[in-house]
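Listed below are the structures to be examined.
Look for chain A in each of the two complexes below; its partner is chain B in the first and chain C in the second.
After this line comes the complex of A and B, so read on.
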């Protein structure tokens, strides 16, 4: 039996072809991202339907709790002056988490595509750099690379670039490893169930061995860690790093 | 169907995901934070109003209590004052009465004394006259002659004065 683990499928090619970017291809990553956005936005609309100031519904309690948590997370870690970052961090967390967990329903996680994490990490990197320039001025920002001695400049640049790359690969690696292990497990269990049911003699065994009966239930156990824990944890870590890096950048 | 490399960097995906993230940020802001924050602010305003009302009510209650206490104090003061005045008046009245009674008693006593003196004097005078008449009669009988009236009277008076001193 052959197991093939590939990147996101390319659904169709458009005729648009730009010099550096190459041909515009609508990929699985994009489409499922849009689905994730729909899910997140739909959830927001559903949660905030019919808000009241007193005698609130359970749904509203959840909405309030989410808002409070986001506020506490951002303001608690970054300070009151960064309150305007709340929607960004919330969007990052929600998108990341739903993207990770959407793998559970059999869709391919957009976070199992490095481009997704790179997009987020670069966005965060731009915010960090903007914050540094805002705090120290452009001169101060550039001068910071030559500290403590000018000789270390290349290493400082490397360290700076390592931030988004590290963030992106950490997240991507975790999700991809989950995907790979799940795929391998499904394949292995299919082989195992085929071998097991093949022991039944005659036509019954031949038919039953085609059904990967062991794939039902067993992968869910591993999925608890690789999809649920890892998915939520990586979203949390990514947001925590974002918040920390930007807050640090503001301190100069 | 063609696929991407497992670990690859696709520029269009990258751009799409940046756009998606920013759009998602707007959507989450518009559909989650805006309504919830608006509602929270409204609730905060309501809570503030409640607290303000409570503070106002408390102030009013305290003012009322202070007024009540003030009134009570005034009433008590007034009662005390009335009591004191009444006591004073009573004392003064009784003193007055006693004084008056004493005075009256003294007056009665003085009058009685003066009456006694007067009665006595009157009695003395009467006796004096009687004794004088008697003496004259006796003397006239004794010497059987008419003595000069003036000498006569003088003699009698001396005699009576002596009698008065003796008595």
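After this line comes the complex of A and C, so read on.
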């Protein structure tokens, strides 16, 4: 039985050397991320072609519903003054969801690589910190670390660093666990079907046992949870946390 | 006795045991999520009209509570797939 669970493969090395990070390598994650970007961009272009003010098509109705939902989500959770966050949060949600669901067509989803989520989480962390500094001023931001007593400063710093790490690991862990469990299930079902069909005597059994017949259909049941529910839920939670943390930072 | 061999064996055994122990972290979120769902059901039973709100908040809370379990899972994965390789490099 062969089980192949690896990290994202390095497709090819480029000769470019970056200052701190070392050699630039094109990984599977990056290539599939480009595909995700293409899909999201294509969907946006397709949904917003020939918009009309009356007699709208079904396509336009869907597009309007999505924009409406994004507006309601951000404005409802953050307040009217944060309306300019709508495109950011919607982009984050769309990228995250398409990345999670692209695993369904057999590609390795980019979100099963910690680098992707870490990049998102660091972006969000920068936004949170900027919002905190904007609200309290730099002095107030630094002073916030010494509350309630100066002795707790290390813990406050730790708590601050834990925010992006927690966000990234939560998303990453959920998607990766789905990937690992699906891979194990496929391998186990292949073994089971070859053992089952191997019971048929003669050449027919020998041929049939090479076909993993149990792999058809059964993994779909687990996929409903690990790909659909988990994928959509994690995208939602990531955006929810982004919105909550930034709104909290603005309250001071 | 080949000490190199013994050392590798101990390192591998440690990784395997550590991975198993790391998954004990799943107990906490299990209990926590059970509590959360139980109370959400209580709330829905008392006020069936706010089922939607309660459910969405509960799912968010459950996903947040799951974090520590996920940390354990990631640690276990690292111990199974990453740590043995680096130990073997170190010891050879």
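Just so we're on the same page, the second predicted complex is superposed on the first by the 251 of 252 C-alpha atoms of A that agree within 3 Å, B and C clash if a C-alpha of one lies under 4 Å from a C-alpha of the other, contacts with A are read in each partner's own complex, and residues count from 1 in each chain.
Keep in mind that, in the parts below, contacts are C-beta pairs under 8 Å (C-beta built on N, C-alpha and C of every residue); 3 or more make two chains touch, one makes a residue touch a chain.
Just so it is clear, the structure is predicted and the values come from calculations on it, not from any experiment.
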After the alignment on chain A, I want to confirm one thing: do chain B and chain C clash, or do they fit together? fit
With both complexes superposed on chain A, which partner does A:88 reach: first (chain B), second (chain C), both or neither? first
In the superposed arrangement, does A:237 touch chain B (first), chain C (second), both or neither? second
What is the contact status of A:166 with respect to chain B (first) and chain C (second): first, second, both, or neither? second
Which of the two partners, first being chain B and second being chain C, lies in contact with A:45: first, second, both, or neither? first
Quick check on the superposed pair: does A:116 touch chain B, chain C, both, or neither? Answer first, second, both or neither. first
Using only C-alpha centres after the superposition, what angle do chain B and chain C make about chain A, to the nearest 10 degrees? 120
Look at A:174 in the shared chain and tell me whether it touches chain B only, chain C only, both, or neither; answer first, second, both or neither. second
Look at A:182 in the shared chain and tell me whether it touches chain B only, chain C only, both, or neither; answer first, second, both or neither. neither
After lining up the shared chain so the two structures overlap, which partner does A:53 touch, if you call chain B first and chain C second: first, second, both or neither? first
Which one hits more chain A residues, chain B or chain C? B
Is A:10 touching the first partner chain B, the second partner chain C, both, or neither of them? first
After fitting on chain A: smallest Cα gap, chain B-chain C, Å: 6
Per the definitions at the top, what is the overlap between the chain A residues touching chain B and those touching chain C? 5, 7, 172, 176
Chain B partner, complex, touching residues on chain A are 5-11, 20-22, 24-25, 27, 29-30, 33-34, 37, 40-41, 44-45, 47-48, 51-54, 63-64, 66-67, 70, 86-88, 90-92, 94-95, 110, 113-116, 118-120, 122-123, 172, 176
Any idea which chain B residues touch chain A in the complex? 1-18, 20-29, 31-33, 35-40, 42-43, 46
Where on chain C does chain A make contact in their complex? 59-60, 63-64, 66-67, 70-71, 73-74, 77, 81
Contact set on chain A toward chain C in their complex: 5, 7, 166, 169-170, 172-174, 176-177, 180, 233-234, 237, 240
